[in-house]
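Structures follow.
In the two complexes that follow, chain A is the common piece, with chain B as its partner first and chain C second.
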Partner chain A sequence: MASKADKPELIIGNKRLDGRGFNDLRPLKVEASVLKNADGSAYVEWGNNKILAAVFGPKEAMPKHVQDPVKAIIKCKYSMAPFSSMGEHGRSGPNRRAIEISKVTREAFENVVMLNDYPGSEIDIFIEVLQSDGGTRAAGITAAAVALASAGIHMKDLIYAVSVGKIGEELVIDMNMIEDNYSDSDMPMAISPRNGDVLLLQMDGIMSKSEVKKGMAMVLEAGKAISKIQKDALNKVYSRGENGNGV
Partner chain B sequence: MGAFDIVKSNYIKELLAKGVREDGRKTFGFRSIKITPGAIPHAEGSAMVDLGGTRVLVGAKVQVEEPMPDTPKQGNLMVSAELLPLAHAEFESGPPSPESIELSRVVDRGIRAANCIDLESLFIEEGKVWAVFIDIYVLNYDGNLFDAATIAAMAALMNAKMPVYKGEDKADYEKRESPLKLKSAVVSTTFAKIENSILLDPNIHEENAADARVTIVTDGKSVRAMQKGLGGSFSTSEIESLVDVSLEKYNEVKSVLESSMK
Partner chain C sequence: MARQIVIPGDLVAEQALKIEHSYIDNGKTYAKVLGLLDTEKGTIVPLEGIWSPRIGDTVVGIVTGMRSTVYEVDLDFFGRSILIGSKYDRHTYKIGEVIEAEVKDVEDRKTIILTRPQSLFGGTILSVKPTKIPRVIGKANTMVQQIAAMTKSNIIVGNNGLVWMKGGDIGLATAAIRKIESEAHTQGLTEQIKMMLEKGTTNA
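Let's look at the complex of A and B:
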């Protein structure tokens, strides 16, 4: 969170800077199976975020000592391209933030991937943020879920993620970078839509108990639209229906 | 996890099905908290914390630095964590593990989000500020590093005395009298979900048996930071009720912190 001194007015007359209402998502586009070599992949444009996710595997887990004889392990790497942000050139290589995001993302997918179907294997998830504008970890998880599905990996659910934030006294869904920089709170969540379970939850800032409750409800509500876009993307590539190309 | 850990996890689950914890604690009871402030007099602030069998040492050092470009009038805060190989057979030397990075970032997030340190009081002059380094050293791992490390970090900050600025980027460490200015204190509560039970302050065996974990950091009035971990899940109503428990636990831990400073 940047200093409050030069904080711009983020909400004017119940509208956000980009014209959205408090419950409005940024435009979200999802495309499945965009990379040839990967076993599964997805490309997401969410507002100004541009994110690629790719999945390799299941394949023999390496090195051998990491193998689990009863289930697959998931490896996950989230990274931001050095040219992805407005402003200065980013440093390449994983920083502490990226390592933490990779860990919590992996843990979210460990919940839904049917690991016992692939003993001794590893499933690699790569999330590359090509352009960032706030909410990249949520967009990355939303993309990676589609990539896993397009790789044909057995899952209990197609998960999504989105962040809810607090600006002044208002809770807003899906903050962009400028909102994120000057917000009073940020709470990214990943959800399993079939039962509403929370698979990823992080938060910092300041929120009352009732704001936490309301924020979680906003995330569940927003998920309906996100899930539909994810499924449509998969249908477009894999269904034999009128929209599908019958692969 | 070795065979012993699996047997132990099954034992923990069998007990919990009957509503009993291995060490006889209540569902939302902490293990005993022992705080030793000033354990390392060379550090500006320090504290050793024993949370049951978990032992964490935190040293806080203060030095002159350039401010961050986006906060030119504020001091800097850096939190790092070391899971020392002497703390547990499975901790290895080498570059920081995701676990140690997560630990340090969650402790950092709580302290930063609640403005515990008055960072504006750390401004010296144009282009010069005090930087506070909080280093978390895990000396013995027996579960729940998040809460132990947050308590130790808070205790080290409460115990810290500022050096005097000598000019030319130098600090006089012999003269340390005025306390580090703090604006609030946070308390961290970590819950483990094991099958259908949720309990506070898991010990190492309970952590091994856990499906999911969530840490909630509050300043007594509001939630300041949260972090869910592991492959399991929580329902939103479970999170809501744990926020309540966390807010209720604030005074209990805060009073241990305060009485240790006397």
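Let's look at the complex of A and C:
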């Protein structure tokens, strides 16, 4: 995270290494309902990230002692495929990093899924990173939200997540792997777009109070585009039903 | 009819309205499920999701356990479903037996109490997405009656997503139900299914 002596120049002219401006997202593609055996699923390509999310349930919570008689429980598993990354970073297996990301993802969704509608049940979320290039926890949450919606699970909102970081004196949105490794600060956020609630906020490195405020504004601005892509993905699957027929 | 797709968090109404599959926050109504909003009737029909049990629903299930006169029934649902045997009813159900029953009561959204049980002997069970069941039944049972008449099968459709079939051309009936499930949101489905069934029965 911290600046290294051999730190590459990340900003040249007012452009980033991959030619983006400070407020530009990487190209994002979302596809809903891609897996037949899952109750709900989504596939996300975000820059070089390729992420698959699947949702099962609500089903009877097992083992029985984990059941909550008044609400559903969420189980979340984030995992990186052994072939997903360039270096040894975060690869394979239930390591400390994967457990942490599973936990923060679960807690983000516990705030939007209407758990009281499914007492005593369990909802499983699986996030599998097939190819990683920085910002996979944000992309995983974005994918899992679409997967939950396509499973027909009651939710307050369709959430998204994106990271904002600091390179030198500049704030940049949606950092990729190289920017992430050599940046001064990295702050992933998950947002409920309906009312702007913050569901996930983590930070590596240092940012001043005004920078955090400015970063949040950038996230909310970029989120409009992300939300639209998520909704379009769901609409596309069911758009045949628009012509006044259906059930 | 004006229908539009709603996604969780979409604004349904500026006022606080009591609509199924929606919730109220700050005096406004929002959708909580991926569904079709009928703006004229003010209803939301979910496109995906599990069965939400209601009193009076017909269900098909398998008896999985018994304790004195209380039977546990598997309805492919996250909660518990029980059938309380009547003291005037001498009939006992065996574990593994398929029954048809009616939902008498739903407690705490998870415990389903069944009534008016009926044994179903033999036959096949088909699992269908619960959100597509109303389409399989059709308006005033037309769809299921049509399939049953043309394939000469006994068909009982449970709202929980399990369909029991026996006799006749089960293969054709299964194909018809699968077609309804995958094309539930297309127009003129009754005619399409009729054509499919006519073709299927003449070929056989």
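A few comments on the model shown:
Simple rule for what comes next: the second predicted complex is superposed on the first by the 232 of 247 C-alpha atoms of A that agree within 3 Å, B and C clash if a C-alpha of one lies under 4 Å from a C-alpha of the other, contacts with A are read in each partner's own complex, and residues count from 1 in each chain.
The definition used in the following text is that a residue touches a chain if its C-beta (ideal position, glycine included) is under 8 Å from a C-beta of that chain, and two chains touch if they have at least 3 such contacts.
The model shown is predicted, which means the values in this text are computed figures rather than measured ones.
Of the two partner chains placed around the shared chain by superposition, chain C is the only one that A:G40 touches, whereas chain B remains out of contact.
In the superposition on chain A, contact is made by A:D117 with chain C only, not with chain B. More chain A residues lie in contact with C than with the other chain of the pair chain B and chain C. By the touch criterion defined above, A:D68 reaches neither chain B nor chain C.
In the superposition on chain A, no contact is made by A:E31 with either chain B or chain C. In the superposition on chain A, A:I99 makes contact with chain B only, while chain C stays out of contact range. By the touch criterion defined above, A:L201 lies against chain B but remains apart from chain C after alignment on the C-alpha atoms of chain A.
Across the superposed pair, chain B and chain C both touch chain A at residues 192, 195.
Those residues of chain C that touch chain A in the shared complex are 1-5, 7-9, 21, 23, 25, 30, 32-34, 36, 45-50, 78-79, 108-110, 131-132, 134-135, 184-187. Taken together, the chain A residues at the contact with chain C in this complex read 39-40, 57-61, 69, 112, 114, 117-122, 149-158, 192-195, 231, 234-235, 238-247. Note for the complex: chain B touches chain A at residues 70-71, 73-74, 96, 98-99, 101-102, 104-105, 109-110, 112-114, 214, 219, 221-236, 239-240, 243-244, 247.
Of all residues in chain A, those touching chain B in their complex are 2-3, 96-97, 99-100, 102-104, 107, 110-111, 187, 192, 195-209, 212-213, 216-217, 220.
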